[in-house]
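Look for chain A in each of the two complexes below; its partner is chain B in the first and chain C in the second.
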Partner chain A sequence: MSMIRDMMPGFELFQPATAQDAVALLERYGDDAWALAGGLDTFDWLKDRIKRPRAVVDLGAIESLRGVRAAAGGGLEIGAMTTLTEVSRDASVKESYALLAKAAGLVATPQIRNQGTIGGNVCQDTRCWYYRGGWPCYRAGGNICYADTPASMNREHCVFGASRCVAVNPSDTAGALVALDASMVVLGRGGEKVVKAEEFFIGPAVDITRMTVLRPGEMLTAIRLPAEWAGAHYYFEKARDRQSWDFALVSVAAAMKVEGGTVRDVRLVANSVAPYPMRLKAAEAQVRGKTVDERVAQSAGDIAVRGARPLHQNSFKVPLMRNLVRRAVREATATTTA
Partner chain B sequence: MARTYHGTNYTPPDHYAKVTGRARYAEDWRADGMLFAKCMLSPMPHCRVRGKIDATAALAMPGVHAILTQEDLPEHDPLDETCVTNEPLFEGQAILAVAADSEWIAADAIEKIKVDLEPLPFALDPLDSLRPGGPNARRDGNVIVRDTPSEPGKPPKNVVKEQKWTADAFAAAGGARLPDGEAHVEWAIGDVGKGFEEADFVIDRPLYHQSNTHHPLEPRSCMAYWQGGKLFLYPSTQSITITHAVTAASLGVQPQDYVLICEFCGGGFGSKIIGTVNMPIPALLAKKTGRPVMHRVSRYEENYMGRARTGFQAQAKMGFRKDGRLVALDLYLVQDNGPYSIQSDMNSAGAVASLSYQPVNMRFRAVSVLTNTPPRFAQRAPGGAQITAMLEPLLDAAAEKLGVDRLEMRRINAPDSSSKFDGNQGPLTSALVREAIDKTKTLVDWDNVKKLSRQKKGTKVTGVGVALSSYTAGALGFDGLMVLRPDGKLELHTGVGNLGTHSFSDTARTAAEVLDFPWEKVELIWGNTSKGLPWTSVQAGSMTTHSATRAIHAASMDLKKKLQEIAAKDLGGSPDAYEVSNERVHRKGAPGSGMTLAKAAERAIALGGKFDGHELPEDINPYTKGGAQVVVGKGAVGVAKDNYERAGSIYSFVVGFARVEIDTETGDVEIMDYAAVTDCGRVMNPRSLAAQLHGGAIQGFGMALGQKWIFDPQWGQSFTHRFYSARPPSILDVPSVLKADFVNVPDPHTPVGAKGIGEPPIGAGEAALVCAISDALGGHQFGRTPIMLDMILNALEGRPDYYQPFTTLT
Partner chain C sequence: MELIQRTSNPWGQEVLVRISWDLFFIALAAGALFCIIHLVLRPRWLKREAAAAKAPAGFVSGSGAASGAGSERVVRHGLTARLFHGVMAIAMIVLLLTGFLPKVGIQFGQWLTLHWIFGVVLIASIVFHMIHATFFLRLRDILIGPRDVKEWFQEIRYMLGGSTPPAKPGKYPVDHKMYHAAVTVAGFAAMITGVLMMFRIDTPIFARNPYLYTDSTWGWIYVLHGVGGVLLVALTITHVYFAILPEKRWITRSMIKGWVTRGELVAHHDPARWDPGNADDRAAAAAKIARESA
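Entry: the complex of A and B
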């Protein structure tokens, strides 16, 4: 354990004005670089002297990373440095993608939403307290998971997708973005590439040290919301221990296209149950093409949690997730489009 | 008509400084050449330094000035917690401190210090430590007891011992109830066995209440410097004069060579009653370096260096008559004491249980077990809040079984002003609990609101809960000090610390009432021991309002008497022929006669002797005699000890009411309504009183719903060390409107009629909420706090939980 906390060690601070300059800096310092957005994930790591980058690249001065605009080819593009408050209040987001506005509006507290960005929220590291406490676990490069023993404190950990590490993706907006079939714009050495949100988030089986596909030298610049899912039926709910300043125990995001009472298409996602926002494809299949009634909702919930493998303190996440999926299916159908 | 100040809202004298940011808290102080201190914290729950600490490389760094280790400390009792130690007894305890030009340099320097730490066995769970072969928190034992010495007249001494309960006792209990092991504290009222025989309904439950950190908004930062051989200390402390008097030894000074300044304290909740354990860090480093030193404490460090409430593992057996009367209570508490001095939560819990429910027969047993977790200290209603939240739900279970209305259940068992309580069955000054229950009934429209109990609407189910909370409410025997100056101002010196409750100025208004003097012309002197302060109670245990109004009343009466004597000397007649009002001392019934108080103050200086403080009363505390030197010759001095009679213990009472909605699909609890009604004697400051009732309740909601410690049992490491993970409630977790009402009848055993109110609101809030949750769940009781979403959902779904009845720190 670190014997001194709450005091950042020294680093070199860069404040580039363009995304290209930021990427050049990130590439120059490689593993020793740290991209800083709103700072709400960053400063814990730095103040606890656990992550010790040589260079911090503050993205706050890059104007092109801010704001919500119409995307070429329809839909919306949200700059990665747009604050969560701006995302939750933006008229066009609220009108066409109320799912994301709702999820962004439930993050932490008003103060944190004013400071935190959408890019930072989706790129944030896991909140596993063993890992964040500086324990030398798998994710930190060690060879043990402290959260997965018969005595571990793992009420908040995963019920799906464990692979040595049992941490969860804590982001509220990540699940909403996967449900909306968003695309993530990544800038790196080779230029820009666009990755589907569903593929952007990765589990420990793919790379145990990272939560997303971003590699050293790369950064998220924008998020694109497709026209295809604009104005669909939505549902988002976050179960948590406190009404503010809490990560989800389970969150569920649903987007549905309903025609004449029949579900033409649906995307269902649960987060904080796995190391990545988890698409619930079997539950989607149970709902797609059907007229939603209580029986359909019930069975979608049951199917969604099939295969869950709770740890010794978190079996409650199974009924919680099941109930939230049922409710999402029930309520999304009932809600009118924005 | 004489002026009345108590009972009305007003703007306290620190208000503008607070809202404009001019108020200086400990961390805001700066001094020329000031250095910063930073601590190396223990990474283990129990370890010791092996060999020598090697700070050569650190001290060689530019900007590093000094290191403080255990060897630098003044002599102390080996049982005492010290600001730095070679044998940390909890994770996060300071091993050493470094003073440097900046915290940044100090932190880098600490990383260069070589310390070899030997891990030692540790204990986190009191019951586990009581098991045969269980771990001990200290090398010298696992329990702490107060030994009464055989020689009469000697004070009791705290002793660490090793104690294990028998394997047979554990086997007989079987994990589902508390083993019947040997207790250290035991008393009884009547015959509890006989009581249970008379009972129509008996309930017997294992119970658990968590430990939790105080977490005042202001951490315990402290700045210090030495000047002319005197120590100037700027800590964050609840109390002023007692902190000043009691902590001098740990700082290596005499009180007269030590000035303590703390005009604003950002809360303490009991964690800063007599200063803080880290105060010697800046003081001793300042002495070593000859420069001012600031020790800023971060939220993370506050979790460890700050204090915490004791937890309880308990067994409670209650026997009720058909009519709801509690005829027998058998209570056994295992107290999680932390690693240091013995805490009296358990004793207070026994007293409160016997007071609130007036059991006809009662047996109380308790044992205090040491653990390697952050040190415990009184936290708002220590013992009272825990026992109220633990026992109130059992009253509900009995009420349901016996078909008694729940508010009526409290009334049937409530104390009144003639009641006796505690093991010694002592008397009370006043207890208007039934009046408070009546007011609650009206305020919340109980007869209608209780019909909402267990009503379902969609996925939401409603629960309502009520609770009675009681706690001590005042000390006595302290001193008051004031001087009426020739400029016509009344300079009132108060030793009351400004811990955020307004009591430091509410109590001063007593002087304006007694002297019928405009409050606007009272200059309040507080928070700086160089300005001359009287001996005053601690600002804790709800003692201040009661004790300081008594002392200030006594000093005001002294001043009044002197003014009457001065008038009689100058204008003839007897002193009794004069009275004081409207800034004059005049003949009774002739307000325009006599002389102005400004003139009387001038005369007091001319007369000297007792009139201007050259002669002081014999019976005042030596501390007050020292403080009074500042006002000698400055005007007409009022100074006296509170010698008012008081026959009985003084307690205040709060009845809490909560209404919740639980989402049956998620286990989420929403607090829809909260109301609190108090009997705390005469109301001093209605706005501040409501804030105490509601602020305390919100703190109680935190204990009911989420505030707890989580430790990895294998490594003894804590995870709940910041605001996010410690989960105190935020303003978004409570209803926007909270209700309050007051009985507002003066206590007859004190001149002003006021009883304290800081403590009981927390237990009322916590217990009412626990009861409301249980009600919404059809009477399901968890027997533990906090009640979190997973527990509720598992209960609703009929699924097993991961914890056992006495599982701690999870």
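Entry: the complex of A and C
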């Protein structure tokens, strides 16, 4: 199928200086526009000639999209174009939201984190190679999933949330943001809207061609972390084939509020097991209000994987996820930073 | 404009994918255009109908509705038929909404589940209707025969200014019969392909098997499903339009409450061809129709 070529295909390049100008351009070109953040997802698509946008809107010159700042009403606001290295090293993020700092620090390699942005990381497309290879699957507008056949290579695909398409959300930071109950600031033709991270990511049951609620003409401008979850007990773990550089096979993010040894509130999220970062609400209910011990951790893990429907090559994800959830519940109560 | 979406499969063969979603908007526009044209021409037809109703010879006047005999209630649709119509209408509306709303930007995660569940409801109601209509109603009331075609041409000539008014129909006028036939064709196209498409998703009814057919055959199934769907959009718009027209409300009322008055019956139907209140007349009308058809 596809092969990355050296030459970039032709397109019109725009480098707006403001977010409003960027949105106007995205809106003007609609489906033919492509928002360029760090370029790490983009350039594969373009060089492969799988995506053929007429206009590329480079967001790199928009200063307002960069940096970590205090949010009105408490918490932090992170510009969408802030690099993953900046997020992982920022003192305020590390101090109050170590879960996100850790997740960002585990993305790919140092070079990629220097170039990649948090906005690009959460908005990146799925890594399903049938889709990225240009096969005319459901997600590409066809009517079949090539990753879900008896002979498919689907070791990395989903065990939950499949709806015709079995691709997973590949983002490391997405699970952490859902666990932190973050809000995503979206700018579009109707102005600014704020969407909960949990609702920002969508599965194929809602729209089989998109991973997020972003529509043509819209862009993510910032991510807000609520003060409510600042300094909670956190845990993040990413299981992958190569520790040096790889996408997650399963990742688990946990945020807990613990008082006197009892879990007052908890948010547990698993990613790379479903087409979206998946809240583990039944496991949360098992943990909430309890003093965590081995029995609670074990049962939370067992509950978390209930209803899993592995494909023929990814059954291993079920015990892997079960054990990561157990460890997250066990460890999160023991430390404030993972 | 592309009417049908095509793609190249991994083996380089060109296969169908589905209809273009533009067809949905074309169906909406076609349904709306039909209603607008009818609304524009309607006053003229109503005037002619009113004039014809006053004519003494060759016509059964609708004024009987005001008389004592005319206000007598006659059953047009039994409870079973009305319940079927209600269930089918709800299922059809849910199917159209769940099928097309996500394509116009109103997205919700349950659309596919609701779609197949109400698809099953629709199929069950249609199967019931077929049995009921075949064994408990007069099936020929709704079938289009040569006489209907002749009367349809007569009706068109009259609508375009001809002087000879069309003959009064039996239980269903020819345009109702043609609408029923169109819904039957579009509905069966959508239902049969819909059942096959259920093999592509997880349901408790079938074991999922997306490999039942080749991608080329699946493409045709998707296209037929889409064509049936957009036809039903246009047909539903026109159906609702006629149901709310003041001069058709007696028909809508009969589908809700079941009855028409004797006056409405004689004003709009030929009792020789359909008289639900008189068993002898019905037998006589059936014999007459049989003779005429022979």
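What we mean here is this: the second predicted complex is superposed on the first by the 329 of 338 C-alpha atoms of A that agree within 3 Å, B and C clash if a C-alpha of one lies under 4 Å from a C-alpha of the other, contacts with A are read in each partner's own complex, and residues count from 1 in each chain.
Note that in this section a residue touches a chain if its C-beta (ideal position, glycine included) is under 8 Å from a C-beta of that chain, and two chains touch if they have at least 3 such contacts.
Not measured: the values here are computed from a predicted model.
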**Message:** Once chain A of both complexes is superposed, is A:146 in touch with chain B (first), chain C (second), both, or neither?
**Reply:** both
**Request:** Answer with first, second, both or neither: which of chain B and chain C does A:203 touch in the superposed model?
**Result:** second
**Request:** Please indicate which partner A:244 is in contact with in the superposed arrangement: first for chain B, second for chain C, both, or neither.
**Result:** first
**Fill in**
Of the two partners chain B and chain C, more of chain A gets touched by chain B
**Request:** Figure out whether A:136 sits in contact with chain B (first) or chain C (second), or with both, or with neither.
**Result:** second
**Message:** According to the stated criteria, A:163 is in contact with first (chain B), second (chain C), both, or neither; which is it?
**Reply:** second
**Message:** From the superposed pair, tell me which chain A residues show up as contacts to chain B and also as contacts to chain C.
**Reply:** 1, 146, 149
**Request:** Write out the stretch or stretches of chain C touching chain A in their complex.
**Result:** 5, 7-10, 17-18, 102, 105, 107-112, 200-202, 210-211, 215, 218-219, 222
**Contact footprint of chain A on chain B as seen in their complex** = 38-44, 91, 95, 103-104, 106-108, 110-111, 298-301, 459, 665-668, 670, 705-706, 710-715, 717, 719, 723-725, 727, 729-730, 732-733, 788-790, 793-794, 797, 799, 802, 810
**Asked** In their shared complex, at which residues does chain A touch chain B?
**Response** 1-10, 49, 109, 129-130, 133, 146, 149, 151-153, 155, 237, 239-246, 249, 312-316, 319-320, 323-324, 326-327
**Item:** Residues of chain A that touch chain C when the two form their complex
**Value:** 1, 135-136, 141-146, 148-150, 162-164, 202-203, 205-207, 215
